[in-house]
Amino acid sequence: MTRCQVAVAGASGYAGGELLRLLLGHPGVEIGALTGSSNAGQSLGLLQPHLTPLAERVLEPTTTDVLAGHDVVFLALPHGTSAEIAAGLGDDVVVIDCGADFRLADADAWTAFYGSAHAGTWPYGLPELPGAREALRGATRIAVPGCYPTVSTLALAPALAADLVEPDVVVVAASGTSGAGKSLKPNLLGSEVMGNTSAYGVGGVHRHTPEIEQNLGARVSFTPVLVPMSRGILATCSAPVKAGVTADDARAAYLKAYADEPFVHVLPPGEWPQTQAVLGSNAVHLQVTVDERAGRLVAVGAVDNLTKGTAGAAVQCMNLALGLDETTGLTTVGLAP
Amino acid sequence: MTRCQVAVAGASGYAGGELLRLLLGHPGVEIGALTGSSNAGQSLGLLQPHLTPLAERVLEPTTTDVLAGHDVVFLALPHGTSAEIAAGLGDDVVVIDCGADFRLADADAWTAFYGSAHAGTWPYGLPELPGAREALRGATRIAVPGCYPTVSTLALAPALAADLVEPDVVVVAASGTSGAGKSLKPNLLGSEVMGNTSAYGVGGVHRHTPEIEQNLGARVSFTPVLVPMSRGILATCSAPVKAGVTADDARAAYLKAYADEPFVHVLPPGEWPQTQAVLGSNAVHLQVTVDERAGRLVAVGAVDNLTKGTAGAAVQCMNLALGLDETTGLTTVGLAP
Amino acid sequence: MTRCQVAVAGASGYAGGELLRLLLGHPGVEIGALTGSSNAGQSLGLLQPHLTPLAERVLEPTTTDVLAGHDVVFLALPHGTSAEIAAGLGDDVVVIDCGADFRLADADAWTAFYGSAHAGTWPYGLPELPGAREALRGATRIAVPGCYPTVSTLALAPALAADLVEPDVVVVAASGTSGAGKSLKPNLLGSEVMGNTSAYGVGGVHRHTPEIEQNLGARVSFTPVLVPMSRGILATCSAPVKAGVTADDARAAYLKAYADEPFVHVLPPGEWPQTQAVLGSNAVHLQVTVDERAGRLVAVGAVDNLTKGTAGAAVQCMNLALGLDETTGLTTVGLAP
Amino acid sequence: MTRCQVAVAGASGYAGGELLRLLLGHPGVEIGALTGSSNAGQSLGLLQPHLTPLAERVLEPTTTDVLAGHDVVFLALPHGTSAEIAAGLGDDVVVIDCGADFRLADADAWTAFYGSAHAGTWPYGLPELPGAREALRGATRIAVPGCYPTVSTLALAPALAADLVEPDVVVVAASGTSGAGKSLKPNLLGSEVMGNTSAYGVGGVHRHTPEIEQNLGARVSFTPVLVPMSRGILATCSAPVKAGVTADDARAAYLKAYADEPFVHVLPPGEWPQTQAVLGSNAVHLQVTVDERAGRLVAVGAVDNLTKGTAGAAVQCMNLALGLDETTGLTTVGLAP
């Protein structure tokens, strides 16, 4: 296999580090330029000490010049910065954006939640959504989904597609802190996070809300909860169940919907997802039931926010874009305990 | 103040340990007999090393003989064992049960969720519920609420009482592991718990479901989630909001409902509860808003499951039963960070 | 009791918050001015949400004007800032410095480790050291010890005093992250801290090294280790044991040395200290043995770095300075689990 | 490559699970029989939910019959059970024991620390020790080192080999809880472990002590410390430095000793090891300095106790035994944050 040259913009952050962790084990790529902004000039050995083989690599500045000349460019940058970089890269370069800029189709929703002008819409990198995989094969611009939308969408899509529930869903998702990135905020300090659980972005103001709505075509009440772990999201999702739908019906619909999906794993009956089981893996673990007393279908999903929730999805999309086997360089085996 | 003699049955467990922690700081009590079952004969120095002043105390067996002769007896025992003990204690003894046996009024709900015969119904130890405080003054039998019901009830009761929402609620509550007690189960091992979040009792099967329903008079979809911390519950609670109700309306209703409550603290606008702020305290931290996009009122509450969620509530009830100031020996100051 | 007026300079940090947590439960004080630097003007409800009763209090700037007029002023400030503040406060004000400025007697050691001019030496706030308690009674200037020196000193002092070991000690101490304060450093982010243990200040460069040397009169190899918890220090301390000294000798020496100390608790034989048992408490838990195979006495101590390691010691010193019972407002009961 | 058939005895434990995680990514093996004791008959989907591809596999009983017929048999069993199993497997089977039974050469030391008869001595699976690698090539019986001895030995061996220090070392090693296995002990419960650090096996009684002594040829004071994380060991190791030896001398000795080692990584000057950087990886991160004030060389090492500390070392040894590239199926990339 001729190895593709890949560059990673934003290599000092958590998404960038996870991309590199995965790319180091990917047989089809060669790691080219690594860029940073304030960290340019520093070595990865200092910034990402877990990437032992890249310890001597030094970050370059994030410019079109540095990134040009690669087959694939991953962007792991703050929102609002991808469009300009992408514009400077040719159509022959596969650009995979881990940020939010090109995820939403609705420009008004973008502006309402992000407060800036909409940059556009790229093929949406959730191959498990109906029709999405086809659009990703050979694509040269791909928007990687948000971490919460990935697991929430996969946890509820089969129920909505099979018309088992009303399109009026409630998602409460517990996330590890790496989802917030390396930003130096007081509430992200270890002393504040350990032994602590808190809700944030309550009341429909989190920016992933319109993305989940877009994916599910449903009204969404979304509450993210920060829990004391570094990685992982556990989403508890529910919706009013339609009359006569049983837990068996729900399970059958999920098994059918994901029968051929390499990364979606519906757990055996009675077993419920846990984030530890998917750490570092690209797997999504799901379970579903019906609470007849409360009249709701309840589905729970677990992902690693940095792997299937970001960088793993990006690699999965790269594989599709390049015509490689979709699972190359990815695993469904987690690191536990 | 003449100090009351208090006994604690089940002193080796987490609820028993928390009772003793609080009672050691209570000016109105003297700690009498401490009992255990398999741990009888062992010293507290080994079993509860944080209770330094009681290190030399030795556990006695849990029998009526040992417990008789105290003014107050706290029961921190497995479900199904309180009735027999209580029957052997006179009506002049204040018996405060931290277990579930006497919480539910509906015998059928008891049997459906606990699988045994209903033992009866005692005054319910949530003074903040309308009418409850009066029933607790001078009571000699008290059922302490479950930890999840305490926070879920307080988080939603004002909205239901003020007719702001439909009686059809969704509660997803993240809990630390001490809520599961000291039982030696593989999924409670530190290696399994740390770096891990999991859902359990999904689909309306958790035993706290009928208790929340009873308190709120509403249909309840309840999902407990285990998160990697020892103490604390954060409950995210929501219900369909009635037409025209705003976030300001909701906030006003909560402020009014809890204006005179010493342990319920509605946070300043924009600040959301976190469990660390209530660790070891008897406070409940609450916040509420309305998600107009999703048509739901969302309330979030934080408690320490062992303090206000169990042992603190028990002490609060004891104070009411004995005619002491309700806040004696309790604090609203948490241990953070 | 007429309550003393106390002020806390640096009320937004971890030491300041812990001081306030303790002072809220102290029957002899009234909390006066609370000051901050960049946080002046903000409310404690936002900065220290666990201090529920002080939620409405607003921070004032840290100036001599604001602090003057109190009976006691606690300084919880960055190193190098206490001298100027203290100089502006009269000799009738009890000034208790939680920082390092006045801890060392050796001006050269100060300059070698802190890189600035020595500000002076105040009575050292470790009452358990021989002679120290007397110097603290009625003192109006007190230097609170560092957290690592407190536990390391108490863990080894009896062995050195009784001539059981050579004055050549090794201390490896695991600390929670609150010891590093609220500084916004990347390595203190929750994502970096959780699931992670690291050594820092290795090779004798940590600033607490000369303080331990001063207390013990011994050569000290000190390595601090950061572990994933918010609070607590566990110090493993050892030294070459002199010929013929047994574990029983060692234990007897420790029991004798601490027989009358209200806050030092030598654990029962066979039980070893754990930090959880002392969280929020002013207790020091100790155990000692002799490893005959390796020829070393090994002592292990646990403290809460914010309580006995900082704010609890400060309150203990205040009690001595004011002539109150030394244990007022302090407890030996920890918050566990 | 013809894939070898490998069996894992003890597949439900942490070492067994980690072996399977690694073997699933190893191109040279096919996973054969998986055995358990009390768990025989259960599916891996329930016992090891992170091993998604093996979810349907069912554990067989641990008997010679089940294990025979494989090219390689990994034993991840309690101490004292390997000898009998191994005796029933032919000399053509590569038997790799993750337990302690065959690690020690000194029968007396075995009996003193393990209390039973010595089973024998197998080639010791630490290829980085001088002479060890050669003995492992083509071996059919291999004893995998203990987790603490692996990191302690690698952290100090170069200093002793280069005669930089006295053979009188102090090791204090912080470990995650998975090192204690899945045993249902109260002190390993999540509620007890989180927010807690404790010492155990203090005073030279931990069973890894004679193993470290054997490897280093030195007197060893070893104290293990349990810290609140699932995986990882950070060992702080020191010894009296010989006159005139500088930090640069020490660093040069370590760089030289490990120049050709694929899994040992001496960090850049000034950077100290952290366990997060080696999670799931077979790397050992090391740093060394000299504390001239205290007269000691101090070296710190980090490993993942389940990977390089157990299962990764076992796979590394298997590669040597089978004549494969030593690094096959292993990585030096950690899972962080």
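Here the chain labels run A, B, C and D in written order, and each chain numbers its own residues starting at 1.
One rule holds for everything that comes next: a residue touches a chain if its C-beta (ideal position, glycine included) is under 8 Å from a C-beta of that chain, and two chains touch if they have at least 3 such contacts.
Going by UniProt, the chains are A, B, C, D = N-acetyl-gamma-glutamyl-phosphate reductase.
On a predicted model such as this, the values are computed, not experimentally measured, just so you know.
Trainee: What are the mutual neighbours of subunit B and subunit D in this structure?
Mentor: Chains in contact with subunit B as well as subunit D: A, C.
Trainee: More C-beta contacts across C-D or across A-D?
Mentor: C-D
Trainee: Among the chains, which is located farthest from subunit D on the basis of C-alpha centroids?
Mentor: Chain centre farthest from subunit D's centre: B.
Trainee: Measure off the straight-line distance from the CA centroid of subunit A to the CA centroid of subunit D, and report it in whole Å.
Mentor: 34
Trainee: Out of subunit C, which residues touch more than one other chain, so two or more?
Mentor: Those would be 14, 176, 178, 191-192, 194-195, 228-231, 274, 276, 279, 336-337.
Trainee: Spell out the residues on subunit C that touch subunit A in their complex, using ranges where they run on.
Mentor: Listed in rising order, the residues of subunit C that touch subunit A are 14, 176-178, 180, 182, 184-186, 188-195, 228-230.
Trainee: For the complex, give me every residue of subunit D touching subunit A.
Mentor: Per the stated touch rule, the residues are 14, 17, 21, 24-25, 43, 45-46, 48-53, 55, 178, 194-195, 230-231, 265, 267-268, 271, 274, 276-281, 283, 285, 331-337.
Trainee: Show which residues of subunit C lie in contact with subunit D when the two form their complex.
Mentor: These residues of subunit C touch subunit D: 168, 170, 172, 174, 176, 191-192, 194-200, 202-204, 209, 219-223, 225, 227-232, 234, 236, 238, 247, 272-276, 279, 287, 289-296, 298, 300, 302, 336-337.
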